[in-house]
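Once you scroll down, you'll see the structures, which are given as structure tokens.
Both complexes below contain chain A, partnered by chain B and then by chain C.
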Partner chain A sequence: MRAILNPCLAVIMADIRASLRYPGDVLSGLSYFIMIATLVPLGLGADQAELARIAPVMIWIAVMLASLPQMDRLFSRIAKDGVLEQMLISPTPMTMLMLAKIIAAWLIIILPLVLAAPVIGIMFGLAMDMLAMMLCFLAIGGLCLVMIGAMAAALVLGSRQSGVFTAIIVLPLSMPVLIFGVAGISALQSGADMAGHMMLLGALTLILLVLSPPVTAAAIRFSEE
Partner chain B sequence: MFDYLANPTRFRKITAALLPVVVMVSAIAFALGLYLAFFASPADYQQGETVRIMYIHVPAAWMAMLTYILMAVAAIFYLVWRHPLADIGARAMALPGAGFALITLLTGSFWGRPIWGTWWVWDARLTSMLILFFLYLGYMALADGFERAERGSKPACLLLLVGVINLPIIKFSVDWWNTLHQGSSVLRLDGPSIDPAMLKPLLVMALAMLSWFIAITILQMSRLIMQRRVSNLEARESWS
Partner chain C sequence: MMLITPILTHLPYDFWQMTSPSLHPSIHPRLAINDLAISRGGALLIEGLNLELKAGQVLFLRGANGCGKTTLLRALAKLIPLRHGQYAINGVQHKADHATLMRQLLLVGHRNAGFEHLNVISSLRLMASMMNIETSPKQITEQIMAALDKMGIKPLAERQISHLSAGQQRRLALARLMLAADMTHRLWLIDEPFNTLDDDAASRLCDIITSYCNHGGSAVISGHGTMPLIPDMTLTLGITPSGELS
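Moving on, here comes the complex of A and B:
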């Protein structure tokens, strides 16, 4: 157990330290997120009721778009400096290391966006008492997004182009996350029961938790062959 | 049988014999099917003549789904048994598959304009077909996204499998999200509810599209095999 847990913790800590050393990535993701949220009212008009109605979907799409560029680069640095090769030849199962990588990515990419989301929510006229539940939805759905993103980033590793290319793979697969996530927050807004949406989102997370780490590990193995 | 077919030369010999047959079947079925669909079948009592669009729309939708499943099966063969022809098969089927999805979307849109009064509605089945189209695009982008063509094979096959696991989830989530499209009238437990006079042209058109698809896949596979040979020869040339 320890033999698996320690390397995984090391991977998570290394990623967090790297992101603290170069905070530019996180900050640019955050500002991208806020930019999208700023552009929407400028285009749509300042009608508070209208803005509150589209707030859930706007926040979700902003999270998806703002996290994409960072997920795209999830493995590019460690592929270049050889860490990825060391992971492959280490006795720790690659699947577990990838799970650690996913947790680290969630902490680095999604968590800042989730923490910034209430600010956007307030600016869009969401009621204060539902912000906490919205955070739960974003946190769980964000884990799904990271797991899909990790698979895509590993699949495109070493390809000629990335960027748009990852988006073509990630966005169709993350459509269920968007549907359940938005439906959950909208139900919250209208006072309807949102437990069902939360459970569906949770079920999706569990499916991806089984699917994503081994697929990511396999894709990375292909890239290093 | 698959081991037997694994030899590309043998594959080419068999398919060269098969190709004229499939092309003939396709041509006859298209001629008969289009005749039945446009002249020898009744107009619908509600939809009028526009119902004839269905004879293209429904078989294309079947083919779009069948093609993705066949590609996923090929992906399993490639990833598990490292069967080079399986990868070539998956690549060969992608473009016709995307084409079928596009035809489904376009004909559906032409039909929706007079019947639903709009070119497009954000309905569950329309949206899942659109997502299927995106999945085809993603596969093609990934398979051709690398410097060396073969390097893209394994990631692309893996993506196909992830897509197949995700398809039911996407389908479910989208169904649950919004449904306007009518239910199926052919594949039902209590037998088809569609009129036999309309079922016949539908099935003939499905046969036409299936045989056309087989012919195109054979041609594409032969092209890809030749292309690989050429690039292998070129690589050898540059070494010497």
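Moving on, here comes the complex of A and C:
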């Protein structure tokens, strides 16, 4: 057990440490997020009711667009310098190391966006008591996005136009996340029951949790062959 | 088709019999290759390779660019599927459990596996953890410092990987071997280690490999020309571009 847990923790710690030292990627994602969320109201005008209505869609799209460029870079750097090769020949199963990588990516890419979301929510006139629930949706949906992104990044590893391919693979797969996420927050706004949407999003997360790490590991093994 | 001349083989191995764990290493050769064939991109690179490497021996793979040295090394680390044949490290067949086989080897490939955005110590700590070297955090730091000292880059311990020169990064990759220097059952697979090294680093590496082999360890090393130093326990396998072995 320790032979699996310790290397996974080490992978997570290394990623966090690296991103603390070079926060550029995280900050650029964050600034995209804030930019999208501020520019749209400016363009739409100050109709408070209208803004509140489109807020859920806006926030979800901003999260997706802000995280996509970072997903694309998830493996390219460690593939180039050979860390990925060492992961493949580690006695620890590659699937578990990829799960660690996904958790690290969630902490680095999604968590800052989730933490910034309340500010945006207030700007869009969302009620305070809804914010906590919205954060839950974003956190869970964000995990889905990372797991889809990891699979896509691994599949396109080594291709020259990887950015384009990642987008092509990620966008259709993340449609359900967008649909359930937006529907959930909208239901929250209108006071309808949102438990169903949350459960569907949770089910999607569980399916991806089983699917994504092994698929990512297999794709990387192929690309390193 | 193939001719390998062992020049001198055995070294006293009472030391490693005390230290090396598991799997009756005294019964099995460090590396046994049986009728191995590897192809790459449809081209057959190596065919009909039979070989046995005993504890304390070094196998030197010599050949022109593109003849399959790296491919063979990577195939031994199970990164490339075999076309035919089998091999075993310490008696562990290549089809055996992934973790068990991976615990029998260490690979220093073309790429140095330095985590670009970390400093030297943090990067090596990650590597040690992935190599499943289980010691306390304090102990592993000591081990890392000792390894860096052996490769002559101890003063760079706090330096960012991306700020190191190519040769320094190569030294860092080779320092990884030293982290497991007391696990002499692990077969070292080293890809062209002498390429970017200066004379000082090359002689340090030779000392390290010699001492590893004196304690019963074994290594497979690729390169060009002749292997510097360590002549008296080296098997040389020449590979020609047409796949001939000599």
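The working rule: the second predicted complex is superposed on the first by the 225 of 225 C-alpha atoms of A that agree within 3 Å, B and C clash if a C-alpha of one lies under 4 Å from a C-alpha of the other, contacts with A are read in each partner's own complex, and residues count from 1 in each chain.
Operating definition for what follows: a residue touches a chain if its C-beta (ideal position, glycine included) is under 8 Å from a C-beta of that chain, and two chains touch if they have at least 3 such contacts.
Small disclaimer: the values here were computed from a predicted structure and weren't measured.
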**Asked** Are chain B and chain C a fit on chain A, or do they clash, once the structures share the same frame?
**Response** fit
**Request:** After the superposition, just quote the angle formed at chain A by chain B and chain C, using C-alpha centres and rounding to the nearest 10°.
**Result:** 90
**Asked** Should A:D81 be classified as contacting the first partner (chain B), the second (chain C), both, or neither?
**Response** second
**Message:** According to the stated criteria, A:P23 is in contact with first (chain B), second (chain C), both, or neither; which is it?
**Reply:** neither
**Message:** Looking at A:A3, would you say it contacts chain B, chain C, both, or neither? Reply first, second, both or neither.
**Reply:** second
**Request:** Mind working out whether A:V11 is in touch with chain B, chain C, both or neither, as first, second, both or neither?
**Result:** second
**Request:** Have a look at where A:F180 lands relative to chain B and chain C in the superposition and call it first, second, both or neither.
**Result:** first
**Request:** Tell me which partner A:R160 touches in the superposition: chain B (first), chain C (second), both or neither.
**Result:** first
**Request:** Superposed on chain A, how close does chain B come to chain C by Cα atoms? Whole Å, please.
**Result:** 9
**Fill in**
chain A residues where the chain B and chain C footprints coincide none
**Prompt:** Okay, in this complex, where on chain B does chain A touch?
**Reply:** 131, 134-135, 137-138, 141-142, 145-147, 151-152, 154-156, 158-159, 162-163, 165-166, 169-170, 172-174, 176-177
**Residues of chain C that touch chain A when the two form their complex** = 77-81, 98-100, 102-103, 105, 107, 109-118, 122-123, 125-127, 129-132, 134, 161
**Prompt:** Considering the complex alone, what residue numbers of chain A touch chain C?
**Reply:** 2-3, 6-7, 9-11, 13-14, 17-19, 21-22, 77-78, 80-83, 85-93, 97, 224-225
**Asked** Which residues of chain A touch chain B in their complex?
**Response** 151, 155-156, 158-161, 165, 168-169, 171-173, 175-176, 179-180, 183, 200, 204, 207, 211, 215, 218-219, 222-223
